[in-house]
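Have a look at the structure below, then the notes.
The letters A, B, C, D, E, F, G, H, I and J name the chains in turn, as written, and every chain counts its residues from 1.
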C-alpha cells in the first residue's frame, strides 16, 4: 500500500540558488478502483528544492508502493503532490501523471504547489 | 444521437487546489452533414475542475453518441464545450478538435471557457 | 450493413505485367459484437490485379458500410478478403487489419489469397 | 488563375465566443515566376471568426486555383491573407506558408491580420 | 499468480486458410525474482490458428495474472508460449518479450512453436 | 502533357558492374480524370543501368509534364515504367508511386521490369 | 571567400505589414580555423522585412561563399547577421547556426538584430 | 578528477551584442557515489558571453575529467555551472543535465546564473 | 580492465527449444587507443542459448570493465564475441557494436558465431 | 582533389572470421560538374575485411578530398568503391551514397564488390 514513510530526503548542497530537479518515472502502475484492472502511466516530478532533496531510490520504492492500490487518476496525482511536499518542503513542485489509453481515451493530470 | 444526459460527474476531492485534467480521445467520429460520409478526429478536453470532475466512462459514451450525427467541425467543438461546461461547471475548459484530411486539408478547432 | 455489392471494378490496362496495388484505409470502424462499443483500425489491401482493378471510391463506401456492424477482428479481415477476391479475382491479395488498443492490447490480423 | 471569387463563407453559429479555426493544406503548388518550375508547399490558415466562417471545399478550390500562377513566396502569403480577410472579415488571421527546398534552402513566410 | 486456466478460446471460423493473428500487450509487468523489484515489458503474440483462437479479454486477464509473480525474462517467455500453445493448439506461434532497461541494459526474448 | 521526349540519357561509365540508382521525387502532381481535382504523390525510380543512365534534370522535366494530365494511379505508374525503360533500356527497373490520402485512403502502386 | 557583395535584394511588396520570412539552409559548410577540417551546419535566417527582401538565389550563393573559409562558429553567426542587416535593413533579424558534432559536442549560436 | 583548470577561454569578438551560445554534450559520464556504477547523461550549456567565450576543445576535456568521479546529479550540475561561470564570467548561463534511466526513473537538473 | 571472469551464467531451463535472447547495452564506453579520448557506443548481444544463459548483472559488470581500456572498434567487438562464446557456449551469437560519431563518421561492427 | 593515396590500412586482427564493418559519413560534399554548385550527401561503406582494415581518420581525409571536385553521383559512388577495394582488398564491399534534394529529387546510388 502507498506509504509516504518510504520517502527519504538529503540535504540540498546549493540552497542559495533556485534550480529545477525533474524525475520522470514511466513505469508507474496502480489499480482501477472501479474495475480492479491495472492502470499504467508515467509520473513526472519537477521541483525547486529548498533545504531538502528527494532521495532517488526511496522515490522509486514510494512510487512502487502504489502497485496494488485502487486509486483514481485525479487522486493519485494530488496525493503524490501532498506526500512529496510534506517530505521535502520544496519552494515549488509540479506533478504530471500521464495514463495510458482506457476505453480509447488517454488522460493526464497536472497539479502544482507553490511555497507561500 | 449526441446526448449530454450521458455525462456523469463525481465530486472533486481537491477543490482547494487549481489543477489540470486532460482527456484525449483519438477515436472520435461523426458524419459530414453535406456529404453523409464519416468524419474522423481527435477530441482533447483540458479543464480545471471546481466542485465536480467528469466521469471517464460516461465521457466515452457521450463522445461515442456523435457517431451517426451529421455535424460541422465548428459546431461539434462548441457544442462539446457547452455540454461539458454545463455538466461539471469547471473553472476553465479548452476543447481541441483535430479532424483528419478531407480534400487534402486537415482542420483543427479550439474553443475555451473561463468561469467569470 | 457491410455490403459487397457496393464494390465496383474497372478493367486493368496492364494485364500482361504483375504489379502491386496497395490501398491503406486508416479510418475503419466497426462495432464490438460483445460490448456494443465501437472498434477502430486501419485496413491495408495489397493485391496483384489480373483482369480487374478495384475502384477506389467504391472501396471507401464498402469499408464504410461496416460502420455499425458487430463483427470480430478475425472475421472482418477474412470477410473483406473473400469479398474483394470475389469482386476483382486478383492473382494475389493480402489484407492487414490493425486494430487500436482495447484493454491494453492492440491486435493485427493478416490473411492472404493466392490464385491457384 | 488565383481567383478569390471561389471563396465561400457561412454564418458563424457561435459569434459570442472567440475561438480558433485552423486549416492546414499540405498540397499547395504554384509556379516560380523566375524559372517557370513548380513550387510546392503547405499553407496553414489560423483565424478567429467574427460573423463568418470559410467554407472548406471553397477554400480547397481557391488554393488549387494558384496551380499554374507564377508568384513569389512572399506575395502568395500576403495575397492569401488579403483575400481571406476580405472574404470572412475575421477578428484575427495568421497565414503560414512553408515551401519545400529549392537550391538547398527551405522557406517559410508568416503574415497576420488583427481587426482594429 | 500466473494461471493458464484463465485462458479461453473460441472456434476459428476460417480454419481452411492459414492466416496470422498478432496481439501486442505493452502493459506487461512481473517481479524480478532476485531483487523483488517490478519488471515492465511488452509481450507480442503472433500465431496461425488451427481450430481455435485465443479470446482477447481472457488473454488480458492471463497476462495480468503475472503481476506479482517473481519470474525471469527467459522463463516468462517460454512459459507463455507453452501455456498458449496448450490452450489453442495453433499451427505456429511466436512470443516476443521486450523488457525495459535495467542496469542500463534492455532485453528481448523470442521463442516460437511450429506444429509438427 | 506528359512527354517522354523530354527524357535524356547519358552513357553509363561503369557498365561492367551491376549497381542500383534510386531517384525519389516527392513533388509529383497530376489530375484525377474523374473529378478534375489535383492528385499529389511521391514517385520513386530504382534501376540497374545497362549502357545508359537517366539524366536527372530531364527526369524532373518529364515528371513535371504530368502536372495537368488527367490520369489514374495505376496508369501513371505503368506509363512511367514504359517510358523510362524505352529511354534507358535498363537491366532492371522498379517504379513506386505513393499517392496522398483521398477519401480517407492512401494508395501505392509498384511496377517492375526485368531485362530478359 | 565569403563575399557580402553576392547578396541581392528586391522591393518588399507589403511594407505596411510586419511579417516574418524564414530561410533554412541545412547545407552550410566552412572550415575550422584551428584544424583545417570542414565544419557542417544549418543556418536559419528569420527576419521582418522593411523596404527590402533578400533574394533567395543570391542568399544561396552568399552562404556557399563560406565553403573554404576558416572561421569560428561564433564569428560566422555574427558576421552573417551583420552582412544581411547591411544588405536588406530589416526591422528585425535572427540568425541561428546549428553545427554538427565535433569531439562529441554539438553547438548552436543565436544572434539577433532589432531596428531602433 | 574533475578539474576546472582544464577550461580555456578566448576573447568574445562581438561583446556589444547579447547573443546565445549553446553546447550540447551527449557523452557525459561519471560514477554514482553510492553504488560505484557508471552514470550517463547529456550536459547542455547555454550562455550569453560577456568578454570571454569557452573554448570548445577545453570544454570537452573538462567534461571528460568527470569520468571516474563519484558525484550526485544535483551536485555535478551546480558544480559545472560554478566552474564555467568562474572561467568565462558570462552575462547569463543555464546548465541542463539529463541523466539516463536508473531504477526505472530518468532525471534532469537545471541550474542557471544571471549576472547582477 | 576488461575481465571475462566477471561473466556469470545460469542453466537454460528450456534447452530443447531454439530461442533468441537479445541484450542491448546503449551505455558502453571505452577509450580510443590512439587519442586517449573516450569512445561511446551501443553493444547488442543476440544469441541462441544451449545449456547456459548469460546472467544479466554480470554482463553489465563485464561491459563496464572496458571503461578505461584503450581498444579499437573492430577488436572490442570480436573480443566480446570470443569472451561470451567461451562463457556460455551458445548455439549462435551475434555482437553488434554501434559507435558514436568521431570526425563526422559513425561506425558499426557486426561479428557472429555459429556452433559447428 | 580526390586522392586515394590518402587511404591508410591496418592489419585485421580477426582474419579467420567473416564480419562486417560499416562506416557512415553524413558530411560528404562535392561539386556538381554541370552547375558548379555544391552537392551534399551521406556515404556509407559496409565491408567484410580480409587481411586489411581501413583506418578511420584516413577515410575521413580521403572523403574530404572530394570537397572541391566536380563529379556526378554515379561516378563518385563507383570511384569510392574502386579506391577502397584497391586499398584494403576486402572479401565484400557495398558503397551507398544518398544525395540531398536537387530540383525536388533526391538520389541514392549503391554499388558493391564481391571477391571472386
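Throughout what follows, a contact is a pair of C-beta atoms (placed from the backbone, for glycine too) under 8 Å apart; a residue touches a chain by one contact, two chains touch by 3 or more.
This structure is a prediction, so every number in the text was calculated from the model and none was measured.
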C-F, G-I or D-F - pair sharing over half of the A-B contact pairs: C-F
Cα-centroid distance, subunit E relative to subunit J, in whole angstrom: 45
Subunit G-subunit J separation of Cα centroids, rounded to whole Å: 31
Length of the line joining the C-alpha centres of subunit C and subunit E, rounded to whole Å: 28
Numbers and ranges of subunit E residues touching at least 2 other chains: 27, 37-38, 40, 100, 103-104
In contact (per the touch rule at the top): chain pairs: A-B, A-C, A-E, A-H, B-C, B-D, B-F, C-E, C-F, D-F, D-G, D-J, E-H, E-I, F-J, G-H, G-I, G-J, H-I, I-J
Parts of subunit E lying in touch with subunit C, wherever the complex brings them together: 12-14, 17, 19-27, 49, 53, 56-57, 59-60
Residues on subunit C engaged by subunit B in the complex (per definition of touch): 27, 29, 37-38, 40, 64, 67-68, 100
Residue ranges of subunit B in contact with subunit F within the complex: 37-38, 40, 100-101, 103-104
In the complex with subunit E, residue positions of subunit C that touch it: 73-75, 77-78, 102-112
